[in-house]
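Next up: some structures, all given as structure tokens.
Shared chain: chain A. Partners: chain B in the first complex, chain C in the second.
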Partner chain A sequence: MIANILDGIVLGLQFGLLATGLTLVYGLGGVLNLAYGQMAVTSAMMVAFAMDAGIPALPAVGIGLLAGGLLGLFLDQTILRPVYRLHDEPRVLLSLLLTLGVSFIVDGFLIWRYPLKALTLHIGGGAVEILGVPMRRGSLVASAITLITFVALFLFFQRTTLGRAVRSVIEDEEGARLVGIYPDRMLRLILVLSGVLAALVAITRSMVTPVNTTSGLSITVFALIVTVVGGLGNVAGALLAGIILGIVSVVAADLIGSYISLIILLGAAAVTILIRPAGLLGVKE
Partner chain B sequence: MSKRLTGATGTSLIGGTEARSSRSLPVLLIPIGVVGAALAPVPLWIGDSRVLMGVAVLGLAFACYAIGFNVIFGSTGQLFLCVGALAGIGGYGAAILADTVGLPITASILVATLAATFTGGLLSFIAVRRSLGVIFTGIVTLIFTLSFDALLLGLSDLTGGDTGRLIDSGAGTFLRDQIPPYYLMLALVLVFLLIHGLLRRSHIGWAFRALRDDEVAAELAGIDVARYRVYGALIGAAMLGLAGSTYAFTEGRLSPTTYGFGQVDVVVLVMLAFGGIGTLFGPIVGAVTFTIVDEILIEFGQLRQVAYGILIIVLFLRMPRGVIPTVASLWRRVRGLEGSEDSETTDSATGNLEVVSAESHSAE
Partner chain C sequence: MLEVTGFSAGYQGNDVVHEVAFRVDPGEAVMIIGSNGAGKTTLFRAMCGLLSSSSGKVLFGGDDITGLPAERIARLGMRFVSAERHLFPRMTVQENLLLGAYPGRPDPETMSVVLELFPRLAERLRQHVGTMSGGEQQMLAVGRALMSKPQLLVLDEPSTGLAPLLAQATYEALGVLRQRGLTVLVAEQQVPLAMAFSDRGYVLENGFIRLQGTTEELAANPGIRSAYLGVT
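Moving on, here comes the complex of A and B:
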């Protein structure tokens, strides 16, 4: 049981990080980015190509993160321009449809050109015992990176002026504008951050399972579900929802079996959405 | 406030030309007849090729799906991302009932269609009860689609899992011939068009239009918005289930991709966006165009997806109301019949997204 819960936490941290990049952009800009998984996959492929070219793993990962950030910037500067002119629900709908188009373009190209390409990062060394449970070193490194990222994100949002500025825009865009914050600059920053997070998700995931060119859609879908369960625009909610869903998923898989566990996971998500439409930690407007 | 925004969505993305609809029955029957007459001779030139006839039958099935989705999303603004799953309940349900349980084909189609109808109605009922907005309805129905996929893979005794299953019932009958399935599906398309057309002329159609344009105003005018949303979902889901199960018997084999999210829902959305969401004939225009283009581009394989991605982006930026309303407003302008009321449609036709934005502002 302890093994299950630890595995669940490992998976849950991944889920949480996955949702964070999506939830921030939604909370700040009302933009639902369905090309999120494709951003992650593209960055992972950049890492894979860099390593094929003989670049050592660490700089290659750096290239991947940079690629993710640039993709976010690119989306902000091109396809999302017309989206920003709309407001509220039309903005969400248009952003959703346009980024769906982007995800098609990226997926179509990647699967056509590199159908079998996959990124796997091998973390050397044997299993490590935690609470008497042997854990794979890859999962531990991935979880450690994820945890550090979360701590860094919380510090950024709580302690730095820039982080507070971003939060002020999430809370009240008009008010933020009145005290001299440019919401569009904050949005650009968050889109870049979201791209970097997407890249980080793909990279840490590749330490546990291979990331293929076809992984994009499932990454987006899971990110979306965790985001909604945690509450749109809520980073702490995303982390909590990720860990809960991760544990539910692993425990159900162990007790019942694979496909029903997925249904239980989805059912848990659906029930949460129906009972608390604002999300686990969301505040009802 | 948030309810009011749903109304704004309706005006900016879901549009139709039906505002003036003091139409008499012949005005409805003639265009449906034209569609039938235009599509009926297709087997004359591609009837020799089993492959092309298969493509044509699938295209008509997609036209049916698009009409069903149009009734749900276009008429009542519920973003159902489970078109494939509802059709799959029909298809897999009918196949299992006919082969494993041993019901006659018509009875199994009927029961499976009822199951799909009930499921669609239940999803809508839940969404309405919890007053989920467009996005949340989309996500809950997407979760339903994923669960359905997991179930298909899990219950491999019945569904054949990843590889799919063959359907024994109906083998050797006209359902598996080369030409008759085409006319069967075409009949379904025409019946669905007629039902949707009559629906729009009935009091239900008026209620749909009212709740789509402004939910709060519709409620105030005494329209039971919740009830009409569920009606829309029931009718649309019945169409999806019937088309899905009928297609299953003409095809003779099923796999998860037959009703997959990427293979059905996304395609239907593209078709409808192209033809015009909320219009009567948009689904047909979209399905026929998409099927032909897809067949022409087939040698490009996966690259087709890139083309569709570009198409989606261009469509929603340049013609957010789809081809039919755009062409219709151009036509009115050419004929000099453009009134002040039509100007907004004309503007969106010229691709001025600012206008759409201004509209949604004014709706706030």
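Moving on, here comes the complex of A and C:
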């Protein structure tokens, strides 16, 4: 059981970071990015190609993170342009349809050209014992990177002027404009950040299990579920929901079978919408 | 400082304010009075870039700012304090004030001026704004605008939702700011409050400016005395 919970936390931290990238973009700009998983996978593939070309792992990871950020910027500058002209519900719907289209194109291309490509980052060294449970070193490194990223994100949002400006747009866009904050610039920044986070999750995930070209859809779905449970635009909520759902997922897979864990996760999201529509840590508007 | 000419604006092609013209000179306190629904909020929102206008011009410090987005106008030094306040409810008082100075570095001197003007805010720096009373929120809305050291403060109905004593206190604070040389434009339907504070005023009725003059002239006008001051 302890082993399951520890594995669940490892998975949950990644769920949390994954949802953070999606939830910030939605909370800030009313844009639902269904190509999110494809951003993650494309960035992971860039790392794999870079390593195939003989580039050492660390700079290759840097290339992957850069690719993620550039993909976010690319979405902002191209396909999301018409979305920005709309507001409220039509805006969400158009963003959802357009990014879904992007995800099909990226998936189609990757599966056509690189059906068997996968990224696996080997973290050397034997297992490390934690609370009497032997944990793979890859899991621990992945979790450490994820945790550090969360700390950095919290510091950014709580302590820096730019981070506060981003939060102000999420809380009250008109109020933000009245103090001279450009909501479109904040959204661009957050789309780039979300691309980097997607890349980071795919890269750290590949330290635990291979990330292949078909992983995009499932990454998006997991991110969506955690986002719904955690509350929109809420980083702390995403972290909490990620850890809870990570543990639920691993325990359910162990007790019943892995086929059931996705159903249970979807069920958790549905129940959350019914009981707390604004998410675990959500605030009623 | 501010000159508005032939200005019309509204919603979905239906103008609510028509061909409005007025001016605010440096150091003045000017009021736009009118009853609920006269078009004061529409006028201010369009002037400050939150709503598009259908005709006319807005000159601020000699520059044409017509049609600029609200965030640009705010950075130019014309700060709008909305009747709805639009504070950041899940942030602390301090964070709201710091963001008032965005993108600049908050000036500690300005901060202490604001906190001296509104001692209630100084006691509540770490409190979340969503849990504060309407009066405190109004003080914070004004304080946040002041953090940027604006050249012109534009207030829409600062007395909205406030008990009479608090509304009075808000206007007393504005009076202090005026004496220190801040230029203020205020829209108000509680006319006596605005009159005690302003040098000049305009009367907005059904989207048109019907009357203008110094506060004394307006206060002596029989129509205004009966319609807005409750004197028969």
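One rule holds in what follows: the second predicted complex is superposed on the first by the 283 of 285 C-alpha atoms of A that agree within 3 Å, B and C clash if a C-alpha of one lies under 4 Å from a C-alpha of the other, contacts with A are read in each partner's own complex, and residues count from 1 in each chain.
The criterion applied here is as follows: contacts are C-beta pairs under 8 Å (C-beta built on N, C-alpha and C of every residue); 3 or more make two chains touch, one makes a residue touch a chain.
Please read these numbers as outputs of a predicted model, since none were measured by experiment.
Within the superposed three-chain model, A:R276 lies out of touch with both chain B and chain C [touch as defined at top].
In the superposition on chain A, A:D107 makes contact with chain B only, not with chain C.
Of the two partner chains placed around the shared chain by superposition, chain B is the only one that A:P90 touches, whereas chain C remains out of contact.
For chain A, the partner with contacts to more residues, out of chain B and chain C, is B.
Once chain A of one complex is fitted onto chain A of the other, the partner contacts of A:R136 are absent, as it touches neither chain B nor chain C.
Applying the stated touch rule to the two superposed structures, the chain B and chain C interfaces on chain A have no residue in common. Listed in rising order, the residues of chain C touching chain A in the complex are 48-50, 69-72, 74-75, 79-82, 85-91, 95, 98-100, 102-103, 105, 130, 144-145, 148. Only residues 161, 164-165, 167-168, 171-172, 174-183, 283 of chain A touch chain C when the two sit together in their complex. Chain B makes touch with chain A in their complex at residues 2, 5-6, 8-9, 12-13, 126, 130, 132-136, 139-140, 142-144, 146-147, 150-151, 153-154, 262, 266, 273, 301-313, 316-317, 320, 353-354, 356-357, 360-361, 364. Interface residues of chain A facing chain B in the complex, by the touch rule stated above, are 32, 79, 82, 85-90, 92-94, 96-98, 100-109, 111-112, 115, 217, 221, 224-225, 228, 258-260, 262-263, 266-267, 269-270, 273-274, 277, 285.
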